[in-house]
Amino acid sequence: MTTTYLKLPYVDSVLRPGALRAVVLARGPVGFTLDIGLNYYRGLPLSTIERFELTVDGERIADHLLLFEHDRTLLPLSALAQAFTEFWSVKKPLRVRVYQGGLASGDHEVGVTLVLRSPYMRLGPGAWGMIDGSASRTLTLQEAE
Amino acid sequence: MTTTYLKLPYVDSVLRPGALRAVVLARGPVGFTLDIGLNYYRGLPLSTIERFELTVDGERIADHLLLFEHDRTLLPLSALAQAFTEFWSVKKPLRVRVYQGGLASGDHEVGVTLVLRSPYMRLGPGAWGMIDGSASRTLTLQEAE
Amino acid sequence: MNIGGIEQGVSLYGFDQRWVEDPDYTIEDCLDDVHELGVQRFELVGAVFFDRYPRPSVQEIDRVRAAADRRGLVPFSYGGYADVGRITGHEPVDEDYILDLTADLMTAVELGCHHLRAGAVPLHLLPLAAMLAEQYDVNVGIEVHAPSKPSDPDVQQMLAEFERIGSRRLGFVPDFGCFIERPAEPALARYLAAGADRRLLEFVIENRHSGMTEDEVFARVREQGGGQAERMAISDFFGFLSFGPADLDGFATLLPWTQYFHSKFYHVDAQLEDPTIPLEKLLGAIVASGFRGVLMSEYEGHAFHNGDALEQLRRHLLLERRILSGGSGR
Amino acid sequence: MNIGGIEQGVSLYGFDQRWVEDPDYTIEDCLDDVHELGVQRFELVGAVFFDRYPRPSVQEIDRVRAAADRRGLVPFSYGGYADVGRITGHEPVDEDYILDLTADLMTAVELGCHHLRAGAVPLHLLPLAAMLAEQYDVNVGIEVHAPSKPSDPDVQQMLAEFERIGSRRLGFVPDFGCFIERPAEPALARYLAAGADRRLLEFVIENRHSGMTEDEVFARVREQGGGQAERMAISDFFGFLSFGPADLDGFATLLPWTQYFHSKFYHVDAQLEDPTIPLEKLLGAIVASGFRGVLMSEYEGHAFHNGDALEQLRRHLLLERRILSGGSGR
């Protein structure tokens, strides 16, 4: 039994080059979306997300600003742990919406700390295999869709 | 503030005439499905189901035999309370699968006790408006699909 | 249909009975009914009409938009909720209200609606709601719905908050169900069918606000020969079928901060009469206030399960038009 | 490709790297690859290939079936899981295992698979699993996967239980990853790239099962001039990249109760050699047992991230064929 987190070599799929995009509403920029891929060989229920932190240019984004969007369903960070019927497929990135006022155009250093529970790897009571899905990358802000 | 449960007049939509259907697998009959409509004017998340009981011909079906199927997702009774992202629409019946060995062909007296929490009618801390979605009806077992 | 700056619309909520009961009644059928009624603007309530809520699928949105377009109809307002009790055992916090408001604003934008009938918004979140309304270009309306009345302290407090914030993005959606002065005829028909005496029912209605308690009214009805059917009526009239003198003065205070109206009704008879709601006075006040905007007919007689939404809406729109054109409502 | 009653198949799991990394690589592309490899039977792992799991949408199922049909391919086995840790904070009970087994059986039926590689099934639920397998007409296979070995007490206990139940619906899916005798060459390449000395790596491999602890091996490596690169290798070899003498005797005990095989491999070189897994001995035992059924090539070299699944599978299938046809594997 190891306490090391599993980290697979698909780390470049976590933050793909086009993953960071400006969000512009009727009155101008309000924030950004970030599409996050799973560094794992299979999909996982959203309820297995045990830890999630986002930094942009070294600054931590406050948890209450994180709004996850999965298959159209909107979920605050606090609701992820209960979202056991929402399956995060390896083919479909999870989108996080952050409405903090918008980012400057150009490059940003984005860091995601992501730890997931492996729901089929039970090690003992309350203990499960853990997956490290973290990544960081310099991303160029894409124009709003 | 009333403690009476809301009961709307759409009670005939709870158990429609074709709602009871035999399930036959490779080796013969294994049970039945029952499609349950919502006696309410709008849809509700499955997590608002606070009480569910099923009787067939006066006999209570054991809770552990109830397997709910919503939009392909399978949920035991015990998981309903957490299924807050699954929306039970008034247009789409909720299916319950009961694999108890099968029902005799012909008519059966089916009774559903169903109490739901109204997620937008907050009456006070931990107190919500309640909806009575119960119904009973004589249903003719339909042939397996 | 625009009469002196007032445009009639129809809330699809009125078709609820058929929507719930008839599996073959589609959103296209529903919009056919709206089209047949001769109005352009409609309100769609998300939790009623979508298979997924609070965020319907793209396919569901596209289907509504396409069906509206094809019929020359305009999705005017989107009916939202704050389903803050969605997570079992969770006491709602600000985040929950903001989440559902955001979800509904997103959907309103996708539908092309510039008005949202929002779910509950706590008073202290109204400034945020005004900001979101501005950002999404969707006005946020807070419904004033029975059993609330416009003069209620919490409604007046909200009015004061609207004035303080000063954003035209926020306002009320007064629901005329607040102004029920007596039970609708189909409601009485049920007690009559159960054996109630019409004279005794009228006695109960007259004395609902005479200061007597529910028990005292029943005692008096019993003395006059009443029984279980009348008791049921009394219980309903003191409960969810409550009514009373219309709070018209309170209504007038809401008008400067009203986004649009839910012209709620239960029954208009064949002579275009409805003694339930003082529609003539309400519309008179609206016209007098100089309001220009939408009057959304909202049929709720499906409570009586008569399957008559289309005919009832036809009568109600006619009745409104007659009043607005200066003819008498009665 | 059927050689003496043994049919080769391919697990789509082998394409995992491209599946995860290349958004344009579809299930159709994946089945094109299978078709190109000249086999008919394939295994699909639900949690990898479906957007929804444990119950994929009807559209997803139909898409796989149609793509397989069009290419003359046969969905042989469905790879399931028991995601019993899905509900946060919930300790799994029997109901959870039964639920996921049922979901996977339903999906297997929909896909047309008559074999399920089931997720974990507690020993005491095996009789129920046998009954469900019979009802769904889908055999249930329990994978014997590294770090387990066939001789492990729990595997032997399960074997005894299979014998006791006596249903041919139940059995093992031995995964050849149980029989890794030394690290695959691409694994060594990583330590070499990190500056490790090949001679010292071989020293570590030789001494992995000499009775020395991880720390003792490192101490000896250090004496011989090793450093961090070797330390990383030692840690891996004593951890998730464990290996050791192949448990061939144990393997033989599983054969009478085997549903089909996961012919797991990591690297076959251009000369069709793979010193990692004793494939010749394993296939020899299978043939000797009189087994007739499917040998599913399961490439797992994507751990080394070389993007070479198709070429590796081609080589592996050739290597298996050479062995099965009586030629030498080496």
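Letters are used for the chains, namely A, B, C and D, taken in the order the chains are written, and counting of residues starts over at 1 for each.
Following the convention adopted for this analysis, a contact is a pair of C-beta atoms (placed from the backbone, for glycine too) under 8 Å apart; a residue touches a chain by one contact, two chains touch by 3 or more.
Just so you know, these numbers come straight off a predicted model, no measurement behind them.
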item: Chains touching both subunit B and subunit D; value: A
item: Maximum centroid distance from subunit B, chain identifier (CA atoms); value: D
item: Subunit A-subunit D separation of Cα centroids, rounded to whole Å; value: 29
item: Centroid distance [mean C-alpha coordinates] between subunit B and subunit A, Å; value: 35
item: Subunit C and subunit D, separation of their C-alpha mean positions in angstrom; value: 61
item: Where subunit A touches two or more other chains at once, by residue number; value: 73, 79, 82, 84
item: Touching two or more other chains - residues of subunit D; value: 52, 87
item: Chains touching one another, given as label pairs in label order; value: A-B, A-C, A-D, B-C, B-D
item: Subunit A - residues contacting subunit D, complex; value: 2, 4, 8-10, 12-13, 37-38, 40-45, 47-48, 81-82, 84, 87, 89-92, 117-122, 125-126, 128
item: Of subunit C, residues touching subunit A in the complex; value: 52, 54-58, 87, 95, 99, 102-103, 134-137
item: Of subunit A, residues touching subunit B in the complex; value: 73, 75, 79, 82-86
item: Interfacial residue positions of subunit D with respect to subunit A in the complex; value: 13, 16-17, 19-21, 23, 45, 47-48, 50-53, 81-89, 91-92, 119-120, 239-240, 302-305
item: Complex contact set, residues of subunit A against subunit C; value: 25-27, 30, 64, 67, 72-74, 76, 78-79, 82
